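For reference, the structure discussed in these notes is given below.
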């Protein structure tokens, strides 16, 4: 379903990677690895269509994502280093307004349920700015609980989470894969995904060494 | 008493609009402030009572659910 | 010595202040009503017509007390702010925030009654006179204080920030007043002179005095009422508030 | 489509309410700037009356401009903008909604407040009406044009001041027609011509501006 | 102590340089606001000359205020402010350094630019000199007073506009004496009295203001 | 050297913890544990003197930190969730200006060396805003390389770091302890500290359960 061929990324005067190709089908997850600064985030943003690739092509269901445009974006769920939550709003409001702006239907009960499951039930009505670092991340990740879109792109979802919360997120991804979804994920903390096929891709120095050998 | 008639009093020597405008605004605001305060206070007390009641019933439920645990 | 300090802090604690304020409030209301009735009777029924201004001058019985209160309340507010910063008592911050809206109210009333007085006397709702301008600025200072406190939702932080602002403001008020005064008198001669009040009959003086006293009592009553509400809100987790509200059930 | 507009507008309004300060403070900035002028130029009423249209309009323009930097910056910083850009709807529509919300928060209050301030400058009743009308037509244009500038300076550090640099020249026509309308009324000419030009600018600002804005936002996210 | 001042100032200046936009744009804001006025009020030279002191001073005040929100906000957001508050030196000194840096970036350029703009308003040579002098004395006071407001509104969302609400009333004496000095020169009186008062305000603003500012910063960090 | 007794922390209407006491001597590290939102960050900020404690006392070398003031702060090195680096400045400039503002002497060679050791040698002259998430964290951590102050308080230092960088930071902390320094650290990623005594303290629900049992 998602196919990348020969992607190249140049930042400033530095070529981060070139010739990156992979293919991902439903129920599969790509686990993107690499040192700090090897270009994982850059690759994910490229796959979302936020940054144009210097060369290479990205196809979704056989068509270039640039052409698909809104059609592609309506199947995509991206979570970056930033949490994309508003500090003034409560977790509940954040969740609801994010859903409404993405034109998804999410009623209040479902949202409360999602918050409950990420462990924020006591904080649903507290402005996010008072939350702890990990609680903010949880508020952002609550979007995934009822997320039905096919392609999940998650950039270091486990950051700041305690181990229990990390495991819960991994189970969400697992369930998504089992439903036939696709996922791309980076992380420096190994958390086992309980279901689906996990494929790996390494970027950066180690990858180059790999290819050279 | 300085005034001859009520009409005189209200006219205020042709300055009625200004004088009574001042009086009215002053009276209005100085009445409104305590009324609003009272109202706000009532709402607050009702809210707090509701909250306390909810807390108490929750505590009761908890202690029924696991009677062995002491209330902390 | 230590005894005195303890006593002081005892009354500064919300728990003891709350019932005390509750007992005092009705008295202040009564006094406010009494003084108000006296002042208005003298001012509007008994006082003679002013030679120059006709009946319009009667606005003075509202205008001057409102102006005085607006300035005085700011001083009191700054006093509470200072004690709050110095002794870190909870009551001080609450008093300061309880006074601000009333101060703003009187500043507004001073502007309003002044404007309504100005139209017949000077032919304009507003002129850029020193006293008028500094009253306007005072209103801004009040509003700034209220807006700042409203924008910070942790009450302890709001108190401290408000206190700093109030103190800075109180240093500035005399500077502002004199700068504005000088600015205006340099620009134009005394086409409008507020400095010389019309030589007032004793009757007028008494009327003004009683009206001013009524405003005083009113302010105290309202501030105490508001501070009681603020106390309940802020101390809602303490046992004494719980007990208090449970009693009345 | 309307649902999207409503969702974005209601979110932005709720944020503004939550910040409270915003709405009140934009108005007070307006009030205070207007009141500063007499302090700067002196209190003679005749002179003030002649200055009134210019001062009021310049102050309205500055007040509406002052809240521009935050139009997209907050969303950019916390990652919400990425999410909006990845939403399945055209980004232009989302921008349109944000422009409308900005006007409701930073434009409309100025319109309502203007007559009170006009009195401080001794303006007559008809001039006050035209002042309100001109602001009612002009402020949406300011919000629309401002959005372009806000998007262009997004992520550019020191953008706040750069923004005003970009936007002020574009505001000038609005200012000229706006102040002109009031001026024409004060000096006895009809304000119709000025007002209809202002209306055209407003339509252009609100319905044309979102598209370049959306393009600029995409560039800022790259 | 001097080393600390130097370290903070040089860091802030380097940041300003790196952002480039900042310095240039504060100046351009000044220029543009000053140039907007003739557009708003009409071009008669006699009237403009009378307006000049007020308009120039109000514009300088707004320009200097516009960069205030960022005085501490950037440091707050990225955690640098915590580090500064934990530094072994009194926070007031660090604030003093930041006030000086702010003046160098947002005040000094206005002083240098003012005469050029004054010429646009047909001011005479002595008035231009006094204009510069008054700005030279007045802008440090603006930076100092502004710092208090910036610290008080720190972390308060919607702070930018709230800041202007808090700070503008406190700016009024500076504005009055500043514009007054130029005005007095134009109308043939001596500006000495105004200027010495302005100097007193500047000293007060620079050396008194850092302490409440530091207190407010500590409150914001709690 | 560092002694906390009976600390209590209240946030909003929530009491996060109460009765927290511990004592830390030179060469010892306190590893603070707890779920997201259990109050670890709040405790660390309290220990720095940034937030006043509702009740309880904190002593450094036997004296209350409130009284010591600048004396205490001159022995303290705090690194929070935020990186405290300026995005416009390069890592080198950040490091130098941080040192200068803390009135430490750090020459350019030492700074370059520190950057080299955290793996930013190639990026010393690139504005921090271009760095990847992990590289930013490394730039912040570079301060620790030549840090000689006695008390280190580190709030989740490993976040966003790749495993190699995490290990390096752990070795820095280890060396600090061996020199007789004190450290307080929170993290959700277990990284072994190679030297010194590590003591643990748990906050939050688990801790409460602990105390009750």
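Per-chain residue numbering starts at 1, and chain names A, B, C, D, E and F are given in the order in which the chains are listed.
Here is the rule we go by: a residue touches a chain if its C-beta (ideal position, glycine included) is under 8 Å from a C-beta of that chain, and two chains touch if they have at least 3 such contacts.
What you see is a predicted model, and the numbers here were worked out from it, not measured in a lab.
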Same or different, please, for the chain A to chain F contact, judged on whether over half of the interface numbers appear on both copies. same
Name the two chains that are joined by the greatest number of C-beta pairs in contact. D-E
Chain centres from averaged Cα atoms put chain E and chain F apart, in whole Å, by 37
Between chain C and chain A, distance of the C-alpha-averaged centres to the nearest whole Å: 57
So the centre of each chain is just the mean of its C-alpha atoms; given that, what is the distance between chain A and chain F in Å? 29
Note: chain E sits from chain B at a C-alpha centroid distance in Å of 43
Numbers and ranges of chain D residues touching at least 2 other chains: 18-21, 25, 28, 32, 39, 42, 157
Counting only residues that touch at least two other chains, what does the list for chain F look like? 12, 81, 87-88
Of all residues in chain C, which are in touch with two or more distinct other chains? 140, 143, 147, 151, 154, 180, 183, 187
Give every residue of chain C touching chain B within the complex, in rising order. 44-49, 54-56, 58-59, 62-63, 66, 101-102, 105, 108-109, 112-113, 116-117, 119-120, 218, 221-222, 225-226, 228-229, 232-233, 236, 241-242, 245-246, 249
Listed in rising order, chain D residues that touch chain C in their complex are 19-21, 24-25, 28, 31-32, 35, 38-39, 42-45, 48, 119-120, 122
What residues of chain E sit close enough to touch chain F in their complex? 3-4, 7-8, 10-11, 14-15, 18-19, 74, 77-80, 82-90, 94, 221-222
Interface with chain F, chain A side, in the complex: residues 11-12, 34-38, 40-41, 81, 119, 123, 126, 130-135, 137-138, 156, 159-166, 188-189
Quick one: which bits of chain E touch chain D in the complex? Just the residue numbers, please. 16, 18-22, 24-26, 28-29, 32-33, 36-37, 39-42, 47, 50-51, 53-55, 57-58, 61-62, 66-67, 69-70, 156-162, 164-165, 168-169, 172, 175-176, 179, 183
